[in-house]
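Next up: some structures, all given as structure tokens.
Look at the two complexes coming up: chain A is in both, with chain B in one and chain C in the other.
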Partner chain A sequence: MMNTAAGSISDPTLGTTDGDRPLVEVKLVRWHFYMGIIFLLVSMLAGFLYSMQFLQHYPLKGMELFSPGRWRFVHTNGVAYGFIANIFLGMLHWVVPRLTSRPAASRALSYFIFFAWQAILVATVIGLLTGQAQALEWGETPTWVDPVALLGLILVAINFMTPIMKVSGPLYVTMWYFMAAFVWTVLVYAMGNFLPEYHMNGVAAGAIGGLFIHDLVGLFVTPLGWGMMYYFVPIILRKPIWSHGLSLVGFWGLAFFYPLNGIHHFLYTPIPMFLQYGAVISTIAVELVVTTVIVNFFMTLRGSGDMLRSSVPTRWFYTGMVFYFTTCLQCAFQTTLTFQKIIHFTDWVVGHAHLVMFGVFGFWMLGMLVYLLPRVMGRTRWYSESLHEWHYWITAISMLVMFFDLTIAGLVQGYMWKELASWESTLRASTPFWLVRTISGTGMIFAQFIFAYNVLMTWLGKTSKEPVKSPAVEPGHEGLATA
Partner chain B sequence: MFNKPKSTPAQKITLIAFLVVFLVPAGIGFAIKLYEFITVARGATSEGTFMLVPVLNYFIVFMGMLCMLAWATTNGMFRDIEKPKFDMLRHEQELDERDGKPWYY
Partner chain C sequence: MLESKSGVFFVAGLIFFGVAFIVMGALPYTIYRGIPEESVADMIEKHGIVPEFVELAEKFPTQFKEYYGECDAESFEAALRRGHRIYTGEACWHCHSQFVRPVSMESSRWGPVAHAREYNNELQRPVLFGTRRVGPDLSREAARRSNDWHIAHFYKPVNVVPSSVMPEYPWFFDDEGYPNRDGMAIITYVQWLGSWLEEYPYYLGEGPQGAGEVKPVDMSGVE
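Up next is the complex of A and B:
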């Protein structure tokens, strides 16, 4: 018997008890990552197309199939269910078996989920472009896709919960987050896609919509993202997380305070004020919980700061954490009624959303991909290290420019609306900001194509002529870093 | 290499500080809102009875997590609370060494 992070396992060779079946289905990890990158590129291009409409230079005018509003749905749904979900699924196929020393429940089910999920995504894109979107933010997926997608999420939960549930002993924090995410995601998806569609209307349906869009971030993306960070950061830094107890405070805080946040999307609406105030309080409580996570990760980094320079994945992770703290701090203020008077319906919210979804979770995923992709492709190194530098810096600078641009745009719009300026004059004032948004977005897209090129060349086994850098390792761990 | 299961005083103080200073006041705020919710549900005021279903959604999740917390506590999930982080790293290292794979970066 030996103890693992997951508790006690019976096989000291770390193998599985399922014949010759490999612990990690590496091919699936790879496939999910490839599809995630493809959907990232597609959804970003859709966002670029949509942004051109704001500049009155939309290139596909007069074609209903490609009307800008529909591309907007492809942009948001493509990011959420194409990019983020695919990358998370690939990550889960790597992390869960390694943490539990057990493979996913079924190999056949794993492959079925992969193909079914891609079919759901293609069906969603076709449905959105042919005008079958539902009028629910983040829940625009056509009604006929919803039950299939929910079934897919249930299968994912079964596939990964099975090995986790077999673990005995205290669980590592990553597994807490993953378990909760599997259950929450199914509940949240069902709540958001079925209750407003079939059972509720009016303000109550609006409140459910608010819960859905925020819980999709907080109970699907956040627990999987934090769980992922609690796994990869200690591994890359070669040292344990600073305080496992504090990480559990973060988990249980998220569990109890997050679910009521969503109504803060509908402040100043006919929703009863006690609920609006409740949402504001719980949002501020979550920001305090977030602080525990940030403190934990930065205390873990203490003494290894040089890794920020030498390790690209570490840089992605910690840049994402700085953005995370920024966006959560912003959230604590912007959900108050005072801030909402100015920023509601403005581009401030768009800037905030981009910083959260791409600046935080996107950055964490890119860092994870930089670390893991060569391994799952069977390569010992990337095609080009310098392309990673270009990818990081162009993305980070573009992200910052877009965030500040949209934040300032939101303030300009909000104050102009408050002063009852004419709609046309607010549009004229907004146009320069929208131009900067398109330019910075172009930078972000360009950087992702650089990354995709690096992935392709690495996959093809090409090697660039640039000198190979030594991997950054901590003293005493040199032996582990040699290829 | 990763066998250091004792918490440092700084870790303990930070943990307790976050528990007491942040989570307790936040919990009290929630309790007040819960009281208001029950007041609405019992019909003392007509405001917002149509919102019971959305809020009940939250409480269903809340109760699930409460049950999970009780289960975790009674099953010793929080005993030796720092141990899993060392086990996880040691286990990862063993997996990598077994596969003969390097730790990139």
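Up next is the complex of A and C:
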């Protein structure tokens, strides 16, 4: 069981099982990655624009289409559905066929999903910029886009569940996470976008909204992210995951406790108090489960610690895992009623969100892209490896600065509010923190442009003069990647 | 079961999610089902028309007549709905909460703690609790400030509050600087939030007026 993922290292042939149809639709992996990177850049620039409003220097003020609030929607929705969803779809097109030895359900469907998803994203951005947002955090997609997006998610599930269903016997860990994610994503999206809008109202709908905010991270992004780690970490480290038992604990613990967390976003609301306590307790339980997963991965790394230095993907993965443990530990505290008194409604939560979405899942995806992109582009090496170092270090340092900055800002704001300081004085006290936030965000964006430049030059087939320390594809396996 | 397709699909995918949905979603729904949802018309009938809306009609009769016609329950409802749509579309709710907590001195700053029944109306679909306060909570904003204040503030917030980080909304105004259809709508909506409370601060000397009691605004001379 444990060696399923590792086993595919030594089997570089992509093979054909279905007539002339290749196992992996490499072109589609590539396209999804390109669109993901484009949406990453767009979303981050939107975030930068929005952050300038906090410094009273919004560059495009007074223009309706550039209303800062609307660009905030673009920032979060672009990250969730443009960057994360596209990168995951590309990753699924690579991983699922290789783990099941079967291609996705239909080639035509795969291409249709690619174009349909980009169309949904464009429609979402247009809808948001013309002021048609739905008042649902992380689900601001206009109500007329929601049913189409749900249909798209169902098609994605069908496309990848078909090969998984044909596998007999127990599944590898990655497949547990992926399968559960396909089911959960569809359910979560339908629940969050339709129930509070059409079927429920008031406080009960608020509970659903809380579940949606949390489940989108916990039941869509998290399981796909961990599934990705359980696949790529053993391959890159060239050894199996340390403990299969802990993998089981991690998956089933997450599956049980994560869906119960949502209401912790709305503590001290009129939602019944016993449910708020329940959400707090299950959030703390998630932290215990997460610890087992982290232990499992760090024990896997044991003996290969040098890879953190020599292998950029490994470094991205494990930095993300340290951040993952940090956010989950932080979450176990911040979700308590004691912490909530002070930090709710403050920038603390914004710092937490950035560390989760970018510091963890963004980092994992960037690591995965560093590993996979040259393979799917048919290149044996990256344009430049030193640019990877710049990319990693600028991103990681900026991320840490932003996290600590916003966390401290949250405490300052929370205590000033509690002391009944005038609202204007709390704004003035926040300004230096907002300035640091914009600067660190600029660092993060700059680093992603370095990465995009590296991708572009690699795509063009250019090579820098520096010696190749770690070729992306081993000599003799160059044929592996060509479509 | 733990590693099989059916185990993952049914137990983790459907059952665990279903249990959580029942406990955390369906349960509060059944608890609060007894509070009937009020339509905007119900709210107006019960709590009346805010005087600030009437004042808009008095102050800008030409524009008001063009955008909303007569000043009555019907036009008030239209303005509220439009205001709510703008509040949603401009992401006001990402920087302004509508929910006063029973902790951290919030009731001293904003007013009475939020009550479940305040959220059972059509303009809380989806509910606008909010998760971040860059600006003040708005659920007790009614009559806290004058229409004039809001007009100046929406046009250029820093003119009124120098340290404000709120965006400017010049598209809420016509070429002559009067609030347009959207401007009147968002001001009406904001002046309505919390007007249903007994502790309503009577800025204009009178509380919301019953739909039938609104003093007719004389617009006879208006083209």
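Assume the second predicted complex is superposed on the first by the 452 of 483 C-alpha atoms of A that agree within 3 Å, B and C clash if a C-alpha of one lies under 4 Å from a C-alpha of the other, contacts with A are read in each partner's own complex, and residues count from 1 in each chain.
What we mean here is this: contacts are C-beta pairs under 8 Å (C-beta built on N, C-alpha and C of every residue); 3 or more make two chains touch, one makes a residue touch a chain.
Given the structure is predicted, the values throughout are model-derived calculations rather than measurements.
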After the alignment on chain A, I want to confirm one thing: do chain B and chain C clash, or do they fit together? clash
Who does A:Val203 touch here: chain B (first), chain C (second), both, or neither? both
Which partner chains sit in contact with A:Leu460 here, chain B, chain C, both or neither? Use first/second/both/neither. neither
For A:Val350, is the partner it touches chain B (first), chain C (second), both, or none of the two (neither)? second
Partner chain(s) touched by A:Ile235 [first = chain B, second = chain C, both, neither]: first
If you stack the two complexes on chain A, which partner ends up touching A:Leu246: first (chain B), second (chain C), both, or neither? first
Considering only touches as defined above, state whether A:Phe54 meets chain B (first), chain C (second), both or neither. second
Kindly classify A:Leu427 by the partners it touches after superposition: chain B alone (first), chain C alone (second), both, or neither? second
Check whether A:Leu151 is in contact with chain B, with chain C, with both or with neither, and answer first, second, both or neither. neither
Does the superposition put A:Ile281 against chain B (first), chain C (second), both, or neither? first
Clashing segment of chain B (vs chain C; choices 7-15, 25-33, 43-51 or 97-105) is 43-51
Footprint overlap on chain A, comparing chain B with chain C: 170-171, 180, 183-184, 187, 191, 195, 200, 202-204, 207-208, 211, 248, 252, 255-256, 259-260, 263, 271-272, 275, 278
Residues of chain A touching chain B in their complex? 3-7, 13-14, 23, 98-99, 101, 169-174, 180, 183-184, 187, 191, 195, 200, 202-204, 207-208, 211, 231, 234-236, 238-246, 248-249, 252-253, 255-257, 259-260, 263, 271-272, 274-275, 277-278, 281-282, 284-285, 288-289, 291-292, 295, 310-314, 370-371, 374-375, 380-381, 471-473, 476-477, 480-483
Tell me, which parts of chain B touch chain A in their complex? 1-2, 4, 7, 11, 14-15, 18-19, 22-23, 26-27, 29-30, 33, 36-37, 40, 47-48, 50-51, 53-55, 57-58, 60-62, 64-65, 68-69, 76-98, 101-105
In the complex formed with chain C, which residues of chain A make contact? 1, 53-56, 58, 61-62, 64, 67-70, 72-73, 131-137, 140, 164-165, 167, 170-171, 175-176, 179-180, 182-184, 187-188, 191, 195-198, 200-211, 213, 219, 248, 251-252, 255-256, 259-260, 262-263, 265-266, 268-272, 275, 278-279, 340-342, 344-346, 349-350, 414, 417-420, 423-424, 427-428, 431, 434
Contacting residues of chain C [partner chain A, same complex]: 2-5, 8-9, 11-14, 16-17, 19-21, 23-25, 27-29, 31-33, 35, 37, 85-86, 88-95, 97, 99, 101-106, 108-109, 114-117, 119-122, 124-136, 158, 161-165, 167-171
